[in-house]
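What follows is a pair of complexes built around subunit A, which joins subunit B in one and subunit C in the other.
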Partner chain A sequence: MANNNKRKMYLRLITRSLIRRASRLITAVLAIAIGATILSGLVTIYYDIPEQLGREFRSYGANLIIMPSGENGINENDINRVKNLIGREKIVGFAPYRYQTIKINEQPFLLAGTDLEQVKNNSPFWYIEGDWQNVMIGREVAEVLNLNLGDDFKIQGVKFGGQAEASNQNYSAEENKTRDFGSQYFSEKLNVKGIITTGGAEEGFIFADMKILNDLIEDNFKADVIECSIIANASELENLTQQISKAMPNLEPRAVRRLTQSQDIVLGKLEALVLLVTVIVLIITMISVYTTMTAMVAERKKEIALKKALGAENRLVMSELLGEGILLGFVGGALGVFLGYEFALRVSLNVFGRGINFQWALIPVTIIVFIAITVIASIMPVRKVMEIHPAIILKGE
Partner chain B sequence: MPILELKNVSKIYGSLKALNDINLSVNAGDWLSIMGPSGSGKTTMINIIGCMDTPSTGNVILDGVDISKESQSNLTRIRRDKIGLIFQQFHLINYLTAVENVMLAQYYHSMPDEQEALEALEKVGLKERAYHLPSQLSGGEQQRVCIARALINSPQILLGDEPTGNLDEENEKVVVDIFRRLHSEGVTIIIVTHDPEVGDVAQRKIILEHGRVIQDIDQRATFGEALKLKGA
Partner chain C sequence: MFSRMILKTLIKQKSKMLMIAFTIILGVSLSTAMLNVMLGVGDKVNRELKIYGANINVKHKDAAIISELYGLGVNDKFLYEDDILKLKTIFWGFNILDFAPILEGRVILSIPGTNNTGSEVFINGTWITKHAVLSTGEDLNTGLKNLRTWWDIQGEWLDGNDENDKNFVMAGKSLAEKFNIHVGDAIRLSKNGVIKNFVIKGIFNDGGNADEIILTDLTVAQELLNLSGKISSIEISALTTPDNDLARKAAQNPSSLSPDEYETWYCTAYVSAICHQIQEVIRDGVARAVRQVAESEGTILNKTTLLMILITILSSIGSALAISNLITASVIERSQELGLLKALGAFNYQIIFLVLSEIILTGLFGGVIGYFLGIGFAQIIGQTIFSAYIEISHIVILITGAILFLVIITGSIPAIRYLMALKPTEVLHGK
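Let's turn to the complex of A and B:
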């Protein structure tokens, strides 16, 4: 009861001081709030950057290539197991490829049977004339065969299990013609829906749905390679490849180092930058709190002397000033958390084009950090209380 | 037995003797005025009696305890328990209401008690203004709050340095009347003043000059006559 009264008076003192002197404290609260805004905003972004940038990087192509370790291809069962191993929520793109040599006008080409939708997920940066759908041909193929959008072309090839003689150039045109009608061969008319320009090897391929290819060669699903785009950093990807090769020895996964490493370097640099800015902001906030508290102690010299003249011990007067500092830190910190979220949200929307997760833990963390900062920055100014002599209140101005 | 004794007290600033070998004895319940020209050492003396300063030489015995060699923190404690202070400039805390200003003294002394603080304000006729801020009070009202604050912990000595210096005659009378009542209740009062009328109401008056007591006047014969309120 007794102590309770005393505590109540303490709270009354510091809140009265803050509320009734509010206009003088606006700058202090603002300084803390701005610091807290930048800090909580940056930390929010900092936590979101890896994921945001990870997604961003996923539009630069596949970062994991899986090949069969033996002669046998990858079947549908393998694919399901691999997807489970990776974790389906982390997969941005997952395109199995089956390559088949075919002939167009007696010239050999490679037909890639795949999942065009997933290829798009892997490589959204490909430049496509026409549509992204069955069948697309590389720019090189289009030039060699003088094909345009909407043109038909005829492909010929050997069915699965047939002799590879179809590609034997020693047969005469006549012989090949007769063979074409044999049961080992297939022939199909396709239509150019899209022409691919990438500046890479893709320009020499013909892309079609895996199903079309399998139907033509009369075989079950079988992939020669899988290209995956996965949300992961370099070390996570390394772990994943080890995990896959251990669990499925018939597969040979390989991380595309160039991509993952540059992703990690960019992230590392950004994170270092965020840390640096955070530290600077904390220091600036501390300096401004220090200045404010020093000014406050100087300005309230008479009041402090009076309190001492009334019999207050140094400890008590200092605890009042610190209490005011803590309240300032609390108000500024709390204000800053919410402004910081606004700030992070805006940055995220502008830079990454998507929202951001609010880190609830930031509320207590920011408030505590800024209370700690105000306390640390206040210690020196508040210690000045000890030097203020009560006798000065009897001196006229 | 005297409540306060100064024995050969001097306060020396460099070559200046602000107080020069002062001997003074004040009995409990006495009402003493200290007068003298500017720079004569009145405030210096109040500071020493009020435990806010220590003499360069000599002894100050307050309520049987020699305080001339006490540490700062002990002086703080003694001041808190035995001295009530009032000032020319009132020194109320501007962000606290009248009653909160009184409670502040309770808080540093022992325990804040709003009821008791309100009663103290009632005694100085300020019950109605208890929840006003100092800026909303007149000078006389502020000084009465200051007196209520000085008395709230029942000090042995009420010390004032020019407590009526900033008041008009009407308010001066009100404050002197409060002193008169406190005196009748047995409070020891030591007041520095420039105002001869205020100096005259006391039982005893000393006059300082160049740090020395040059006159010590017994006023018991005329005591209480000056500055009567109308109708009192």
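Let's turn to the complex of A and C:
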């Protein structure tokens, strides 16, 4: 019974002292909540940086090239297996290419059959005049053939399995024509929907949907090369290439060193930058929360001395301060975790256009950190009060 | 009397005022550091991104990519080696960090002492490392080595400034495997009767098409191919500003711009503007942005800067709230003392003036210390991450100063309103 009363009294002491000082209380909770917001917000962002910025680095294009090791191309079955090996959630872009030599106005060109949507994912840096759809031609091709958007052009070529024969100069134009229309040859009119500028080799190709190419040459799906853009650092990609070549000996995967090496270096620096900034901001914030709390508790020296004069034991006074600190730290910390997540989400949406993973572990960590700060800040300034005689402090009253 | 009162408060309330000053120091140093880092980070990250290699490629205006694609032969259109150093004389010459000329050709490779008596291989002559003194007296160190940071080298890089290295070449990994040559092996290269013997100094792994070539010094390739003073292309790595609408419009056709727009464009380090200026000094050259590098650079740069801006804003808001919070609390704590002043006949405005002067003095003190501390933090970040000095922008003084002033005032407003409503008797009643 006595024990019960004691507990009631203890709770009353804490709640009373908090309610009585409502303005001070708001200030304290606010200070803690600001600190907790910064802590949880920055740590959430920091944890998501490798993933988020890693995705941004994919704008440099494909970082894994898969080629068939033998003469046979890569079929749809292989493609599905490779995709599963990589893990579908890691794939940003996955474009199979099939190259076919064709003739336009009796000049040789290369037609690349591919999945245009995936090419867009792989190479967002392509600049397209017109639309990103069937059929796009490189700028070089457009200049050589003097083609503009909306123009038609005719391609001719050999069907799959047919004998490719360069048009011999000995053949007359008439002979060439009949040869080209034989059963082994195809001829098709295409329309320029887009002109590609990249500053690279792509400007010399014609890009069409893989299906159109397969229909023309009357063959099943078969890729000469696959360009993949995968969220992975250099060592992960290295593991992946080993896994793929082990599981599928008919394929030869190659990581694009230029992209993987460079990405590791730059991303490493950016991560370090955010880490250092986070650490500095956190240290400064913690100190500032600590000083605010200290300043507030110091005000209460007299009150504590009075309690002691009335016969309160040190332990009781301490436990009261402790209880207050825990309560403040908990409320402020919990509020901060929530606000911090909101903030991190806003930043992520603004900067990367994506949501952010909430680190559940941050809830207990933030709350515990701020309880610790408040408790230490509450006890340090009054520690001395405990040791001296209440009369000395109360003397002035 | 007034100054004595302020002085008294500052001394008597030393610990409390020190606490406020300390919080202001922390807040100001945080904002100063973050603002400086934020303003400097673009330039630093831009330099880091240079490891992706060249973002501008200069070719002869008649050299078509198509002929390269089919290996139909090597172009017979060339640029001039004399023009290369003029790159540093253009308006944005300072932004051109590295460049390397490349002369492409094909030669016959044979390996003495084996039954391999001749296969055609691609050869690239370049400045691996180049030291030059410009007409302005400026020292210049550049070369392909800086543009191929991702290469994995077995053996050693050639040294372009070492005459002895003219007897050495480097080989790509695939080519080396195909012909079974190793570092230290002797090879013979020939073309149209010119025969030369070399030793392999290094084997490089590029992970791309370059693995099929032999790399030599530019003069060596020029002698072999009998093309002295000629080059096929120049790779350039330049610091650029991410493209905006103006830059895109200009890239299509610079003559479509109004004179004002043209001037803005020309005097901004857009990749298209730099290309334009390069074409003015390289005879017959067409400079093109390598979009894979140029465009992606812009993406990463914009994202990083935006991220830093948002973190800066968060931390600045955080410290602003903390300071203003503390000021409110500390003024309210002093209601007894201020109530006494009122009871003694002080007017509201006098008290407010007193309180504000104290806090502004404290703020000034904390702000100055905090500013210098913040510069220190910014340099710690710069040195640790980028091993470079972060430039101090003077605008930061203005920004932090303005923020601090606002924070102090807003922090005092609730306190001031409280003071106005203060009834001396009520406050002093407790005594």
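Observations
Methods note: the second predicted complex is superposed on the first by the 304 of 397 C-alpha atoms of A that agree within 3 Å, B and C clash if a C-alpha of one lies under 4 Å from a C-alpha of the other, contacts with A are read in each partner's own complex, and residues count from 1 in each chain.
Everything below uses one rule, namely that contacts are C-beta pairs under 8 Å (C-beta built on N, C-alpha and C of every residue); 3 or more make two chains touch, one makes a residue touch a chain.
Just so it is clear, the model here is predicted, and its values are computed rather than measured.
Contact with subunit C, but none with subunit B, is seen for A:S288 once the two complexes are overlaid on the shared chain.
Residue contacts after overlaying the shared chain place A:L13 against subunit B, while subunit C stays out of touching range. When the two complexes are overlaid on their common chain A, residue A:L316 makes contact with subunit B while staying clear of subunit C. Of the two partners subunit B and subunit C, it is C that touches the larger number of subunit A residues. In the superposition on chain A, A:W360 makes contact with neither subunit B nor subunit C.
By the touch criterion stated above, A:L270 is placed in contact with subunit C alone, subunit B being left untouched. When the two structures are aligned on the shared chain, A:K302 is found in touch with subunit B, with no touch to subunit C.
Note for the complex: subunit A touches subunit B at residues 2, 5-6, 8-10, 12-13, 16-17, 19-21, 302-303, 306-314, 316, 389-391, 393-397. Residues 15-16, 19, 22-23, 26-27, 29-30, 33-34, 37, 41, 45, 48-49, 51-53, 57, 64-66, 68-70, 149-152, 205-208, 288-296, 299-300, 303-304, 306-308, 310-311, 314-315, 318-319, 321-322, 325-326, 328-330, 332-333, 377, 380-381, 384-386 of subunit C are the ones touching subunit A in the complex. The touching residues of subunit B, when paired with subunit A in their complex, are 43, 46-47, 50, 52-53, 73, 76-77, 79-81, 85, 87-89, 91, 93-96, 100, 103-105, 107-109, 111-113, 133, 149, 161. If you check the complex, the residues on subunit A that touch subunit C are 23-24, 27, 30-31, 34-35, 37-38, 41-42, 45, 53, 56-57, 59-61, 108-110, 123-127, 138, 140-141, 144, 197-201, 203-205, 254-262, 265-266, 269-270, 272-274, 276-277, 280-281, 284-285, 287-289, 291-292, 294-296, 298-299, 343, 346-347, 350-352.
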